[in-house]
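Labels A, B, C and D are assigned to the chains in the order they are written; within every chain, residues are numbered from 1.
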Amino acid sequence: MTDFLLAMAGLILFTVAVGLARLLGGPGDADRMMAAQLIGTGGIASLLLIAAATGARGVEDVALGLALLAAFASVAFVNSAAPAEAPDSDAADGR
Amino acid sequence: MTSATLAGLVGAALVGLGLYGLIATPEPLRKILAFNVMGSGVFLVFGIVARKGAAAGLPSDPVPQAMVITGIVVAFAASALAVALVLRLFGETSRATLSPDGGTKPPGGGADAE
Amino acid sequence: MSVLQALDIGLALLVFAVAAWTIFAPGAFSATVGYVVYGLLLSLVWIRLFAVDVALTEAAIGSGVTGVLLIGAAARLREAKTAGDEKSLSGLPRLLIAGLCTLVALALAAVALLFPDQGPSLAPQSMRRLPETGLGNPVTAVLIAYRAFDTMLEKVVLVLAVVGVWSLAADRYWGGAPGEARLARPEPTLAFLAQVLAPLGVLVGIHIFWVGADEPGGAFQGGAILAAMWMIAMMARLTEAPRTSAFWLRLALVAGPLVFLIAGVAGAIFAGSFFAYPPGFAKPVILFIETFMVLSIAVALPMLVAGPPRREPPR
Amino acid sequence: MSLVIDLFGVAAIGAGVFFFVAGAAGLLRFPDALSRLHALTKADNLGLGLIVLGLLPRSTSPLAALKLIAIWALVLLAGATTAQLVGRAVRRKGSAA
């Protein structure tokens, strides 16, 4: 079972590494943020799997911290992508 | 090869990469990134010291760990100061470059200068 | 080769690849995103080294708070075109630099390979005196008890960095609030995220600080998570960044190092030496110091990210 | 009993990993940013959710189990809001963003 957990963690990391191709390629900054988001979630998943397999103590807290901060990079990106003077154009429509 | 040795090797490679980036890239923000990569490489080399100093029932030596924690916080403080300097430079000259003739305005001639 | 070894090698290659991307990426913004990913992967590496305390710090500061700082800066510098007017290094110096950096890396790699399997260790010493501190987590004991002076000075560094960032403001903005005044109303989605995340995060931050006495965690990690929660509230415009001249802000900034220093001096008077804690009474003193450290960290990190004041203070 | 837990774990974690693979494949292959965002959220929600589900019976204490669920809930929240925010940023800038 331990080997299975580790193999799955490795598979997720490999998947995430493939997702890095999107980070490399883009084409836009939004795609790069998405890749970062996928890697964040994959990192949390493989962290939990590795912790379950190796029995390191207190790893849930690390995953909890990562989960809390998972949105931060994207929020900073969105905040900086929307300049202050531009009114939120689609806040009015579509809702 | 143990995971500790592997981490040490990665750390060594990261120090090399970061040092190269610090010297060779012209953009200041990229230099800050490179400096941080180099720093985390040093921390990882410290990681082997911690892991191979595992004794007294502990999985790794607490003293290097504590020093790395201190180091991460100090590295963040230094990066924040550096970023503020770069942004201020950009605000003054509309450029983010370290070359003396790169700016459009003479240094100190910005709108915010008192 | 076991599965675990394969995983380690894969993780090592991934960390190296992302670091290389951070250095060689064509654009500054994508390099910065690469760095955020890199910070996250590093906390996985620290888990593999069984240094959970470091992994927590790396996750909170290295990846989360630094990510906001650098992505914000990269986005603001996007208009700054630097590549054109920089004299790009020609082939030979670049090769020379690469060669010398490889040499440095090889020397460090040799150290890593030649490091004795049972290295020198202070772990037995730190465990021997652990009961006297009343703590269960030796890393916290090293930070707050054995190397207390070091940690106190590090808090001073944090305050100095804040002072440094603030002093980059133009004279007329001195004492004002950091960040531009934004007219855009808060984005509802973002406000929702902050409203849900912040209370939970405060809970988690206090939890991580509190268990830090006995389990992985502590003042740095808990404080950094609290700091992140204040940052998300400011990013969502639920609250404005305070004026840098606000007395409570400055008091909160210096409270950590100040209380630490007072405890150290009190140790010299009551317990016999500088930064000695009275026997049998060490844990309450340590927790008292840590509480103020959490406060200072939670205030200092957002102020570092927010940057120098950019608004005029009210007269 | 432990065999049941193991089998359950293998099934749930395997399914979770499948969604990660699917999410990454979508991120790579889908033609525009909004479809890629759609693929990404599946990995966030179902991938991590199923892995947490598979790990739950193995957790050592009720608090650890609660933390696992909280981790999933937080990632769910972060994934949902960032998808919304990034999606809006993409729309604002047009398909080039």
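Some notes on this structure:
The definition used in the following text is that contacts are C-beta pairs under 8 Å (C-beta built on N, C-alpha and C of every residue); 3 or more make two chains touch, one makes a residue touch a chain.
Predicted model only: the values in this text are computed from it and were never measured.
When the C-beta contacts at B-C and at C-D are tallied, the pair with the greater total is B-C. Distance from the chain B centre to the chain C centre is 12 Å, each centre being the mean of its Cα atoms. Between chain C and chain D, the centres computed from C-alpha atoms are 27 Å apart. Averaged Cα coordinates give chain A a centre that lies 22 Å from the centre of chain B. As a whole-number value, the distance joining the C-alpha centres of chain B and chain D reads 32 Å. Among the residues of chain C, those touching two or more other chains are numbered 4, 48, 50, 65, 76, 187, 190, 193, 197, 200. For chain D, residues that reach two or more other chains under the stated contact definition are 70, 74, 77-78, 81, 85, 88.
Residue numbers of chain A whose C-beta contacts span two or more other chains: 16, 29, 33, 35, 56, 61, 64, 68, 71, 75, 77-78, 81-82, 86. In this structure, the chains touch in the following pairs: A-C, A-D, B-C, C-D. Those residues of chain D that touch chain A in the complex are listed here as 6, 9-10, 13-14, 16-17, 20-21, 23-24, 27-28, 33, 36-37, 40, 43-44, 47-48, 51-52, 55, 58, 64, 67-68, 70-72, 74-75, 77-79, 81-82, 85-86, 88-93, 96-97. Of all residues in chain C, those touching chain D in their complex are 187, 189-190, 192-193, 196-197, 200.
Those residues of chain B that touch chain C in the shared complex are 1, 3-21, 23-27, 29-30, 32-34, 36-37, 40-41, 43-45, 47-63, 65-70, 72-74, 76-81, 83-88, 90, 94-97, 99, 102, 112-114. Per the touch definition, chain C reaches chain A in the complex via residues 2-4, 6-7, 10-11, 14, 17-18, 21, 25, 29-30, 33-34, 36-37, 40-41, 43-44, 47-48, 50, 52, 55-56, 59-60, 63-65, 67-68, 71-72, 75-76, 180, 182-185, 187-188, 190, 193, 197, 200-201, 204, 207-208, 211, 215-217, 221, 225, 228-229, 231-232, 235-236. Put simply, chain C touches chain B in their complex at residues 4-5, 8-9, 12, 15-16, 19-20, 22-24, 28, 31-32, 35, 38-39, 42, 45-46, 48-51, 53-54, 57-58, 61-62, 65-66, 69-70, 73-74, 76-77, 79-80, 82-83, 85-89, 94, 97-98, 101-102, 104-109, 111-113, 115-124, 126-128, 138-139, 141-143, 146-147, 150-151, 154, 157-158, 160-161, 164-165, 168, 170-172, 218, 220, 297, 300-301, 304-305, 307-308.
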